[in-house]
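As structure tokens, the structure follows; a few thoughts come after it.
For clarity, chains are labelled A, B, C and D in written order, and residue numbers in each chain start from 1.
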Amino acid sequence: MTTTKTADSVRRGRSARDPNLLRLLVMLVFVFVLMTVLRPNQFATMADFNSMMRQFPEYGIMAIGISLTMITGGIDLGVVGTANLSAIVAAKFLIGTVPRGAAPAQVVPYLIIAVLLSLSVGLVCGAFAGMLISRFNIPAILATLGTQQLFTGIAIGITSGRPQSGLPLLYSRIGNMEFFRFVPISFVIFFVVAVGVGIMLSRTRFGTYMYMMGTNPRASRYAGLNNTSITLRTYMISGLLSSVAGLIMMARANSAKADYGAPYTLQCVLIAVLGGINPNGGFGTIGGVTMAILILQFLSSGLNMFNNISNFYRDVIWGGVLILVLVFNKLLSWREERRAVRKSMN
Amino acid sequence: MAASVLRVEGITKSFGGVQALKGVNFDIAPGEIHCLAGENGSGKSTLIKVVSGVYEPDAGKIEINGQQFSHLTPKEAIGLGIQVIYQDFSVFPNLTVMENLALNNELMDKRKLMSYKRARAIAGNAVSQIEFDVDLDERVENLSVADRQLIAICRALLQEAKLIIMDEPTSALTKKEVKALFAVIKRLQARGLPILFVSHKLDEVFEISERYTILRSGENVARGNTKELDRKTFVFHMTGRQFEDEFYRPSAAKREPILSVRELSLQGAYSDISFDLSPGEILGVTGLLGSGRTELVETLFGISQPDAGKIFIRGKEVRIKSVKSAIRKGIGYVPSDRLTEGLFLPQSVERNLAITALDRLSDHFGFLRRSAIADMTRKWIGELSIAAKSPALPVWALSGGNQQKVVLARWLANDLSILMLNGPTMGVDIGSKYDIHVLMRELAARGLAIIIVSDDLPEVLACASRILVMRDGAFVQELDPSATTESKLSELSTGIA
Amino acid sequence: MKRRFLLVVSLVMVFALAVPLFAQSYDPMSFKSKKPMSQWKIALVPKDATNAWFVRMEVGVKQFAKDTGINAFQKGPAKTDAAMQAQVIEDLIAQGVDAICVVPVDPAALEPVLGLALSRGIVVIDHEGASQQNCLYDIEAFSNQGLGQTIMVELAKMMGEKGVYTTMVGNVTNASHNEWADAGVAYAKAHYPNMTLLAAEPRVEIMDNLDTAYERAKELFKKYPNLKGIFGTSSLSSPGVARAIEELGLKGKAFVTSVGLPNENKVYLKDGTLQSVLLWDPRDAGYAQLAMAVKILKGEKIENGCNLTAPGWTSMQFAPGSTKVLQGKGWITITKDNVDSFGF
Amino acid sequence: MISLRRITKRSEPYVLAAIILLSLLIQVRSGQFFSGNNLVDLARSLIVPALFSVGCMMVIVSGGIDVSFPAIASLAMYVTDKLLLASNYSGNVILAYAISAGLGLLMGALNGFLIGFLRLPTLVVTLGTSSLYTGLMFGAFSASASDVPPSIAKHGKEILFTATNPTMGLTSNMPSQILILIAVLILAFFLLRYTMLGRGIYAIGGDETAAERAGFNVRGIKMFLYCFVGVLAGITGIARISMMSYADPSTMLGMEMTVIAAVVLGGTRVTGGMGTLTGTILGVALMTILSNSLILIGIPTYWTRVFTGAVIIIGTGVTAHQTISTRRRRAQSQKAAA
């Protein structure tokens, strides 16, 4: 067998082994076409694309964070709490320090500090969760359930639950600007995050470590991986991404508040699972997650165009689709297993 | 000729066009210990599953106590007294000994309710049958592997077994425990119970069985009386290959030790361990489970930290703080439990191979050098002749021997100077075992220092250039393999003459 | 370094055109629609879709659509959440509705998206969002100030203008609940010298849950034996607290009032545990919001005394000092005598 | 001796100790903990989470996890409520329980089918069905808070006894629904301990393959288990709305995480196979006391979440630490024995 042939078969083997991605794509196209046909003048218009691009980055970025933790075999239910806490810290800083009526150029350094502050709060929150999981061996689901309460609680405590508004104009201006009057900056950030995390997972050493630890933490220890540090770093990335999402929410709402986006947590877990992230760890791609995000957004925006259909049908479709995909994957994997048994007999 | 308890004739079974069994015949007589031998994938397990009713054969017949069947259901098989003791014993770790013993009985009696009084009586009766001393209220997860196996045997006896099938029962047992198990088997035989002993370990076949049947690629290749069988023929029938006698002699030139351990101690595991290891040497460490052998090598691999003592590498004192630091110092370790400690089963062969070498196979920013990884994978698949159709295949699709080679290759891909292997050929078939032994000798000859931890005494004798026997956390004696015997080793490690 | 960053920022700003977002003042008259009335599409966005309150509001919306023949509908987020509400509005803008009426979860959080709506020529009417900048008008059944004061007056009446009281909100993050409570507390301070706010627990949260309201009330009465009154905001607080009062045997000794729906409070009003609750009919509020939107689409000038054709909303007055916030006299005090007359 | 050693390995004593400490703290801070009416109040608040926790514990013991029970409970009770209202039913409340339990059974059966027969991962399946059921409730049935039919309202007024606080004269009623909890606990205890079905649940959690080989009908047991959880959820739904005389479809949503946390806190092993009713009830009691005593302790409202978050983290952290050290001790004692 020549080398090129091997490489080819590897590549083919990979795409063939990721039929989930293909199925997601089919579903995505299906939802898209369906909505376009049903609502030709509304769906798939420039205005609609623009609107959708402004909506999904905030929860999309959180979903990517949750996906990463799920790949390592854990879960981060604390993303929303982290996002709001970090945004509130940034908002409090801006509101408290920026002089009234400051010129935009004067405000820039404050903005930079605020953003850095918020990102570091995200990192600290993530590190805290990672610490609980890797050092104190608390099951991730409980540890992050606790951190979600804790972070939201701190956010409420320091604000008495009130929205922090009165941000400098420049912040919202930058946060809501649109390239070519069409591509919102939040979308650009999402794009950068998705591509960056995608590359990290598929092209870097650390990405491989995450998959491997998620597959078998015991074996990864014997292979010389530092599980504690991998876990810690994964949750720190998740925290960092949460704070990015928090900054986007802060721009979109022009304020920060302890309970913005509370229902996003469950939604993000659903996205991750539909996107093909194995809840037991070890498998899943950002491509799949991104498609799941888009499917959700299409569904959601599409349903908003039907005046008489409640938004709750999104949940119904979502739950139904999730289960159907599972059943479908299962049937296929049974077939594959049978084929594999046959092969191993050879 | 006495009527057979079980006779199968012309059993054929195929899976989607692939023939797993091609007309297999065998029979087992009352009170007989019959060994069913064969390498992985030879069709042993398929045959067991046909007999126990899990698979329906495509052709052939099964005769049990004179009754003919074209196929069985699992319930029928159990009803006919066929009991399978699986490799993993199928016990419930979270339940007590009593429940583990009694549950099957209750299920067979189709009981809906559970009586703890009855269960205690049943369990007490079961353990007394084989004179097994155990606390009935202890959770099984707190018992040793050997005790768990005895539980499985007791449970089979409770089912009024007329035939006990043991599927590779010794793979997780220590030498001493195997002895105890064999005593139990003999006792069962004395009561007239036939036992089908499935194994690929030739010593066991010779020691325990009266007759044997060997399968290869789904066919009967040999059957007869064990007395008339010799090792060479046995191995030939199993593998279809001829092997030379194994023996390792390191090159005569004594070299400077690469690893020196002085008075190393870990509380509750081992104490006061000192030894030297030179390049080109294969040091065999043997001892019973719990003798501290595993803990010792795991300390050297940075899994645990010693309480006292010193470790020198190339004469320099080192601290091995973590696995990572062990790897940096050129130490590799093949752990004993391949499935849970060694491999990432659902991940690709490539990833499993490359995992420890990723530091070298990526650039400054941590980006993988994919072509280098592919090259390396290809190289080692070729070098160790790992039978994998594609490096993208998940590693669970490989046979045990090939899986072990993947773990080995992972370490060889690093610039190693010391390789430690814990039970390197456990659960590996003879062909691959031989290959692995040859490989170890080659590596040693190339200047690698190797430590093998094993209680497979023939393996230690065949591969090691020096043997250290451990007992109760201490070295008892150092031996020259060319001047010692298995019985001597076993004596030293058990402390029983 | 800093200069280069500024350069980058300004370059980016040149290429990217920021969406006009902020309190630009729009002339409501300029929102007169050129389309015929039959093609108008008006959406009302409530805080959520399940609360009995908004279910009642939808009755008004449907009534309005029926009365006028205009395509008016209610479309709320699946959960009471500011971020999700903003998404619904985003989608409505993309669909090209002509007017959006909104009951904001959090006015501040909706500023950008409502600003976008206005910039696209969409009429924006707020309800219960007096602090909203990016809207043409905010219509209130009353002022937040006024409601808070009225609740306090009712409570004070029950308590005999003396004793310890505390406030209870749906969520500590709920802006209007906090405003009512703040107004009530301020009013009590000024007018009822013998009433004191419970210093240790000045604001209790019931997580918008009836059962929690009940449990918190029980705890409060146990821990603070001299607690005499609870100033409720969420419509779930009166029935929950009333149940606790009844059970603890405090009927006649402890009091509660809040905004509330007749049916939810009927039992307690009748047995005397509750003396009154306050209400503006969400149906009428829904109807009035749509009527307001239509007025602007028609190009009518909005002045003091304008009529939104729903009971209590017939003569709207601008709030003092505001050209945006219109207040009606929409609230009704419900007592055991009139509780049966509502039918919801 | 041996039994003492076994007891220290379990987590029940630790949870009990935590409850006692917390109680003393509350008593010191408020002087109100050990009053009759406070205990009755706590028992009342315990009913719903405890009913949920029984099913939740059984699922976790079997090696699964269920997050759909609040959705099942809500949909079942809501549909029942609406049906009875629409038919002007005024008879016995048992019918309400029966209908709701039946609906719960159907919804649980879907979980059971997907998990037991198709062997799909439990977390994902129940996340999916949870989304499906809540969506149906709010979408298809456009659920909103509603009255309850007279039979349920009457049932809600049935009280067993009234406890009076002698110093303050406050009274609290013990609702009759506590009898349902007691009955369910007795039933679950009997089921788990004295039936083969119950032992089968533990067996599956210990080793599913072994259970299959031993002759347990694994699919059947899982089917039963999720149906049982569904039935229990349906009953819990009615118990909840009857105690409040008010059917709020969203009142139970979101309880899944705290219930799971309570069950795990009570010593149920997350990976399956281990868990006791005693531990579960203690875990739920701890969580209930905690959430119902923040005012009594005097924690300001704004900081309550911080407090609960910290307790979850510390509580599970202690349990996690304790199981690990037990494992270590066991390993060491094994070594010593060898």
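The rule we apply is simple: a contact is a pair of C-beta atoms (placed from the backbone, for glycine too) under 8 Å apart; a residue touches a chain by one contact, two chains touch by 3 or more.
Predicted model, so just to flag it, every value in this text is computed and none were measured.
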| item | value |
| --- | --- |
| Between A-C and A-B, the pair joined by more C-beta contacts | A-C |
| Subunit B-subunit D separation of Cα centroids, rounded to whole Å | 44 |
| Whole-Å separation of chain centres (CA-atom averages), subunit A against subunit D | 31 |
| Touching two or more other chains - residues of subunit B | none |
| Multi-partner residues of subunit A (at least 2 other chains) | 156, 160-161, 310-312, 314-315 |
| Set of subunit C residues in contact with two or more other chains | 49, 78, 172, 205 |
| Every chain pair meeting the contact rule | A-B, A-C, A-D, B-D, C-D |
| Interfacial residue positions of subunit B with respect to subunit A in the complex | 15-20, 41, 301, 303, 322-324, 326-327, 333, 335, 340-347, 350-351, 354-356, 358-359, 361-362, 365-368, 370, 374, 378, 389-393, 397, 399, 410 |
| Complex interface listing, subunit A residues touching subunit C | 42, 45, 47-48, 50-52, 54-55, 58, 105, 108-109, 112, 156, 160-163, 165, 169, 172-174, 176-181, 185, 249, 251-255, 257-264, 300-301, 304-305, 307-308, 310-312, 314-315 |
| Interfacial residue positions of subunit D with respect to subunit A in the complex | 114, 118-121, 123-125, 127-140, 142, 257, 260-261, 264, 270, 302-310, 312-313, 316-317, 320-321, 324 |
| Sites on subunit C touched by subunit D in the complex | 49-52, 54-55, 78, 172, 200-201, 203-205, 209-211, 214-216, 218-223, 225, 239-240, 243, 247-250, 263-264, 267 |
| Residue ranges of subunit B in contact with subunit D within the complex | 74-75, 78, 84, 86, 88-95, 99, 103-104, 106-108, 111-115, 135, 137, 142, 144, 268-269, 288-291 |
